[in-house]
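Take a look at the following structure, please.
Chain IDs A, B, C, D and E follow the sequence of writing; residue 1 opens each chain.
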Amino acid sequence: MWQFFLRRLLLMIPIFFVLSVIIFSLIHIVPGNPLDNLMGPGMTKAYEQEMVKKYNLDKPLPVQYLKWLNNMLHGDLGSSIIEKRPVTELLLHHLPYSLSLGLTAIALSFVQGVSMGIISAAAKNTIFDHLAMMIALFGVTIPAFWLGLIFILIFAVWLNWLPVSGSGTLSSLILPAVTVALGGAGLIARVTRVAMLEVASKDFIVMLHAKGLGKKAILLKHVLRNALIPVITILGLRIGWVLGGAVTVEIVFSRPGLGQLLISALFRRDYPVIQGAMLLLAMGIILGTFLADMLYAFADPRVRDQTH
Amino acid sequence: MKKRLGSFLLMLAILVAMTSVQARAEKVLNIAGNPNELGVTTFNPIKVELNHDAMTLIYDKFMEWGADGKFYPALAESWTISDDGLTWKMVLKQGVKFHDGSPFNSEVAKWFLEEMKTGPSAYMVGAIDNVEITGPYTITLHLKNPEPNMFFNMAQDFMCIPSMVAYKKYGEEFGIKHVVGSGPYKFESWSPGNELVLVKNADYTWGPSIVDNKGPARIDKIVYKDTKEESTRFLELKTGKIDVVYAVPTMFISKIEEDKSLRIIRMPGDELYHMVMNTQSPPLDNELVRKGIALAVDQESITKNVFANAGKPAFTYLIDSLAESKIDPKDEIHFDLEGAKAALDKAGWTMGKDGIRQDKDGNKLTLKMVAKNESSYRRAAEVIQAQLAKVGVEAKITLMDPSSIRAYYKKGEHQLAIRSYNWENADILEWFLNSKRMGYPNAAMWHDNESDYLMQKAMTRSRSQEEREANFKEYHTYVLNKYVWAPFYLPAKVFAVGSRVVLPKNSRARKFMKIEILDWDLK
Amino acid sequence: MSLLVVDNVSVEFKTRDGIVEPLSGISFKIDAGEILGLVGETGSGKSVTAQAIMGLLPFLNGRVSSGRICFRDQDLLAISEDQYQKIRGNHISLISQNPMTSLDPVYKVGDQIVEGLRQHVVIARDDAVKRAVNVMTSLGIPNSEKVFFQYPHQLSGGLKQRIVIAMGLCADPHLLIADEPTTALDVTVQAQIVELFRKTVAQRNIGLIMITHDLGVISNLCDTVVVMYAGHVVEKGRVQEVFANPMHPYTRALLKCIPKFGMPERSLKAIQGNVPSVSTFPGGCRYHLRCPDMKPICMTEAPQTLQAGNGIEVQCHQFGPNWREEL
Amino acid sequence: MNSLVEVRHLSKFFPVTGGLMQRRIGAVKAVNDISFDIYKGESLGVVGESGCGKSTLARLILNLIRPTSGHVLYDGQDVNRISKTELRELRRKMQMVFQDPHSSLDPRISIYRSLEEVFTIQKEKLSRPKINERILELLGMVGLKPEHCRSYPHQLSGGQKQRAVIARALAMLPEFIILDEPTAALDVSVQAQIILLLQQLGDQFGITYLFISHDLALVDYFCQRIIVMYLGRIVEITPADLSRQKPMHPYTKVLKESVFVADPLAEPKAPRIEGDVPSPFNLPEGCVFETRCEYAQNICRKESPALRQTMPGRFVACHFPLIHAMEDPSCLPVDAK
Amino acid sequence: MENTTNQNQIIPPANRWIRRLKKLKNNRAGVLGLIIIAGLIITALFADYIAPYSYKAQDLSLMNIPPSMDHIMGTDEFGRDVFSRIILGSRISVYVGVVSVGLSVLIGSLLGALAGYYEGWLDRVLSTVTDLTWSLPEILVALLLVAVVGAGVECVIIAIALTYWAQYARLIRGQILMLKNEIYVEATRSLGATDFTILFKHLFPNAIAPVIVAATIGIGQAIVLEATLGFLGMGAQPPLPSWGAMMSNGTAYLFISPWVIIFPGLAMMITVFGFNLFGDVLVDIMDIREDTLK
């Protein structure tokens, strides 16, 4: 099995390169120039030339790419044109905010989604099923920024329970995490429900009843265990999404996460930062897919054996 | 397990209590800074392109600019200028120490003025030929050409003087990890996208003459929070988490004014909203069409309805606090519906049945209008779109991010562009209308020999402040009559201040807060 | 005392299109040490019978609508779900149709045997493991200790079926219900499994209900046979008697439509028409649409169960008092 | 005797990859070097347990999959080496009926369209009334009512579906039909109907059948000759009527004895074989049946026995074929000419 | 068997969709979803007649008026009637949702079907791309694409289509891979059918059901994504009243004139909810297995 995973990891390397080329070319296709954002009235052409030289903006794109790649392989992601600091440092600065929000949100959406899924599957086609699915759907039906603002209005302004924004404390994490989690819970609930219903229709479930096992034992030990396999896979694949997908929530709650970094870098064409951040996301994805595969294999012995 | 959780919670509670106790003992000012300054580049004044407000708290300058338009001594205690305007003698303040303990003296001043030439703001000291040290605290500047604008430059936020010792010591890291100035506040920590923390410089006693309190400051700590979303900033202010909000959006003004515990401070603005017309894109290459469009923009209505009368309508290309903006009223651009229609008719664009003007070939007067995808530009664009529709001009709006829009200007595909600039000097006209800067910044694609001549004259051949004024007025009047822009709004700087803040009674400073922080206090 | 008495049991299922009755008034009984064969085609209600006895209908949207199921003189329809749980897998075990799908794929097979055992018997895990391994060995599973720690997909069909049987036997039940246990298996393995059932019943003196559509298996293994058609028991009796002298037209036709070695060419006889599905059960005698001897009475009136000679019970008008050839 | 189909040294190996670089680490030898003939007009049975390669064989003959080596000649034409148009032409002559009638029909297409499609595929340009006529005719042939052509597969019973499948196979009036377990998914009473129908159609149109099944008794009844396969190999080719023809290969014997006869007078018998059919992955050298054979000797472990003729019409692949057949004259093949 | 000649007996097969619609009658959630969508489509079609005011007529004397009899949902920052804008906005939202998802389904199902049918390198490339696009945050991908293709509704549609296609490709690929092993595929091939016939006449129609279901739900997602892009300043261009644009323009007014953001939000919620309900119900309707249970 380790061989299989080693192979998967090796396969990630070409994917990584393909992705780096895609990212690089995409952001360079986008019209605009980072230096325009720096040049103010009175600034000299000479200074502009100096900057162009410093960031290799005058070189042909393939050369720029190769230089970037070369530096990257030596562990240097370059430095931000706008913010004047190493990209690595910027990423490390913003990553914790994204990770704390993302992981909390994933955990929350997992708990919410799975429990809604369980309720819904256990009470299939009853009012509880519909209710649970509606609650799960709630997050999907509205944009996160809208939900976030409404949450602020209710919990921070009217009730004054939680801070409006911020990023340092635990309490400031609650509202954004819930906002993001609501968006993901719908998908998880749906997958859980479908998976549970499918497992519940399997022959072996009847056999478990026949063995004299109680309903609860069957539901939690067998049905859920089998149904969680696809759910876990989805979670693993969503790591990239966790790191960068919460931009609007980050903006609304002013959390300096990777999403915000990426968006502002994108708007200002800060190429090294976009490249670095996208690459970090890609690494997250690769890691996530890898983790999902591992989890999948550990959770499902059939897959484990196929991976020999 | 439960026990451990309990003790953890207890510790947490103690921690929270401690921090809150500390907070009460210390005077901490929380600021939601200017959203345009978020993600600022560096605090290295020599290398910085986008300046942060906090620079003026960390560093001292040679001079301060008063609300009266006069320049007050700061680190330059006094100065004398030779008649030909080419020799400046400056006496420096004594006893000034940087945060790292190194002294400020003529050596530092010379080094600074020379080092400035290596950065993006080199033009600020561009007129200086060389700096001569004439004593430990006296220097003489020898200029290449007369530069009356030197006062203005010296008082600019870009001319912040860093510690020479620290600057040399930290190299690349200066301005990012290590920020050493001589101002009333010391740089403590900076977490981009999150917050910037400054602490009081207890040794500060050399406050400039423009403030009453010569130091040290009364507020112990200043925290700039990088909160972007406007509603969130407003709520933070309302819930007391923030004491000062910069650049309050106009729609919040009335809401804040309703709240008795909050105050709105309006300062004269340095910004001008205008619509740029691409003078090389037909039919805008026709001066009459430009005139028609410029006259169709109802400045008063925009000021009142879009910006809630927070600022003033703009009728020229310069902000009204500049002397160069005071030109003959007949040369100003004022809303004139009939005049607009007449100009367009005269240009050969007659009203069509569908309410859109067309020329004799049946081409419709439809123009591409671009604007930055930010609230105020969008709103202005939408209103101007409606106003232009009234004179039979159809504008199709495209909103873009700032980088795309500059790339777009460079390609010259735009026709109308809703823009604004912040600048407090008439030389901005050169920046935007110099034919050598086509596309961007010269988005008007303005190329006119007479204009270029007048610009050259104003920029390089003015020997005194008065002469400079006159030259720029001439230049300004000329371009106004060519209708390259349609100016419409002069925003005021609007700040919201929470109840804890005690503001100075008689403010003389031109800018909000900045060095005047010395006179501020917290309840 | 009979081990199990099924008396006039009818079953209803709720479906999208209303209520259906896949089982109507079936009766039979089985003693300890006896092997009873339940034979019939698709939709005859064989599996539903097993589910009814196991009390699994509530989990499948069904219920016993009338009749009585007595296991060792206890009315199974009268007891609570909790009590039923103590009987299921403990006193009555089910071996289901498809060994490939009747094991949870994510647990080791040994754990699944032990899980059922420990559900009913207070026993330390180590002892339970020992017992499971013993049962596995006694069922002819080679290397039981190793197989114990394997997952279902790692085992062949025959081994899986043996595991399922081990699961059923581990708690020492009195009655075993095997629902088509050999259908999914290769013929050579089928023979082994049938032999295994024979031995197990003999050794443990338990009752076995063998549900199958394979008359060959019935004839080889069972003592008594119950022939079902469309939710009715059409004929039942000792295997020898029924096979030697089938009474019901369906049983007769069924025996003739199976190819046998040495059968003369073109001697196979088909039964006309289709096997009815639950929602299309015809009125009257449910076989009348396919019956070559059909008379008008068959269309209108359901036949009563009649005692024929040789202890055979048959449900057909032919043997009733009202039957006349000319009808 | 005229051979319609000649199978020569036909093999199909499915590669199995593994390891870090996904190298080939072995193969599943689904069909392993087999040769036989199908004579015109006969019904040839292929019997064997799961994994013996009988379905793969059927697909190879129809050229639905490409062989690893060897070839199949249909009327002297190599089915793997013909052009696309020739292949389509060939498809008119050879047809197949699959095991599961339910999944043999596209669930979204009515019976009418399923049948009509055959004509479109075969580029048979017929007028609408002509097609309708042909379809009705076909339905009649297989005993379906005209209204059935409006039905979708799920609205029909298993037997009706299989009839529809047979009708589709008959549409182009083929001369050769492969029947891959055509009754395995059906109830016994319906199985007999289908078997009778196939026999009747065979007689009527002179169709040659290759009948694949795991049910030895059924094959024995339906066919004139039987091929017994085990793990990709032919172990025996024998004339049908196994009640008289005593098996010569130990596997055939076991297979025959494993069939339960619905006869209460027959003594219950102990199974003669242990264990399951081994996995066809990486088979050992030697006889494929060696692991389960009660007569296995040393040579069986080392050397794979070739299929050889022991008597006219009888072939067996065994180092130690069961002798009784030789001794008992009544066991001589009926059609040994 | 008795008649082989009467051609009138052959009637074209009954439409299974009619049966399915009948089945829908029993599903109350589905009916609700259908009503919402039908209402939406009618609103979008007849928006010009339903809307009491022009969506772009500014009346600066009536800015930010709370809901009243004249303006049942109030007015916005330029005195435009919010209700009229929502009505007109339905057209844009439906346009964005349906066209972008339609495009992505088109691209995705075609590539997915080819990849699933032929496997090989195309499949490997496609799987990699789908995995990547699926795991990259869609907002960022869409934003980047909008930046590349430009601003405006059509560009947003293209960006969303290019963001979403992968999930449909993945879905249909899986379906084709599964269906490919169905016997009827082999049966059709044994009749002499070409790959094209098999893929597009047999596999594709059978594989498309889950894609249609996913697309229904995807329309809702696309509407939300358009709103999010609008929030980030990359949505529909003014004065077009897409709900997303209305909401993002309204965020600043949340505490001043909340109706300008709440009503479009509600409209979007109901719409997306309707599509989701309908999608869930489609799962039931399109399930063939359910059809077989009589």
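Going forward, contacts are C-beta pairs under 8 Å (C-beta built on N, C-alpha and C of every residue); 3 or more make two chains touch, one makes a residue touch a chain.
Since we're looking at a predicted model, the values are computed, not measured.
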Target chain C, source chain B, minimum contact steps: 2
Common touching chains of chain D and chain A: C, E
Greatest separation from chain C - chain, by CA centre: B
Which of A-E and A-C has more C-beta pairs touching across its chains: A-E
Whole-Å gap between the CA centroids of chain C and chain D: 32
Rounded Å distance, chain C centre to chain E centre (Cα mean): 50
Euclidean distance of C-alpha centroids - chain A vs chain B, Å: 37
Between chain B and chain E, centroid-to-centroid distance (C-alpha), Å: 46
Sites on chain B at which at least two other chains make contact: 229, 231, 235, 401, 404
Where chain C touches two or more other chains at once, by residue number: 277
Multi-partner residues of chain E (at least 2 other chains): 147, 251, 254-255
Footprint of chain A on chain B - complex, ascending: 38-42, 44, 47, 49-50, 119-124, 175-176, 191-194, 225-229, 231-232, 235-236, 238-239, 241, 401-404, 406-408, 411, 421, 423, 427-428, 431, 440-441
Residue numbers on chain D that touch chain E, as the complex places them: 59, 62, 64, 87-88, 91-92, 94-96, 98-100, 103-110, 112-113, 117-118, 121-122, 129, 132-133, 135-137, 140, 143, 145-147, 149-152, 154, 165, 168
Of all residues in chain E, those that touch chain A in their complex: 29, 128, 131-132, 134-140, 143-144, 147-148, 220-221, 224, 227-228, 231-232, 244, 247-248, 251, 254-255, 261, 265, 268-269, 272-273, 276, 280
Interface residues, chain A side, partner chain C - complex: 202-204, 206-214, 222, 225-226, 229, 299-302, 305
Residues of chain A that touch chain B when the two form their complex: 30-34, 36-44, 46-47, 82-85, 90, 93-94, 97, 149, 152, 156-157, 160, 163-168, 251-254, 256, 260-261, 264, 266-269
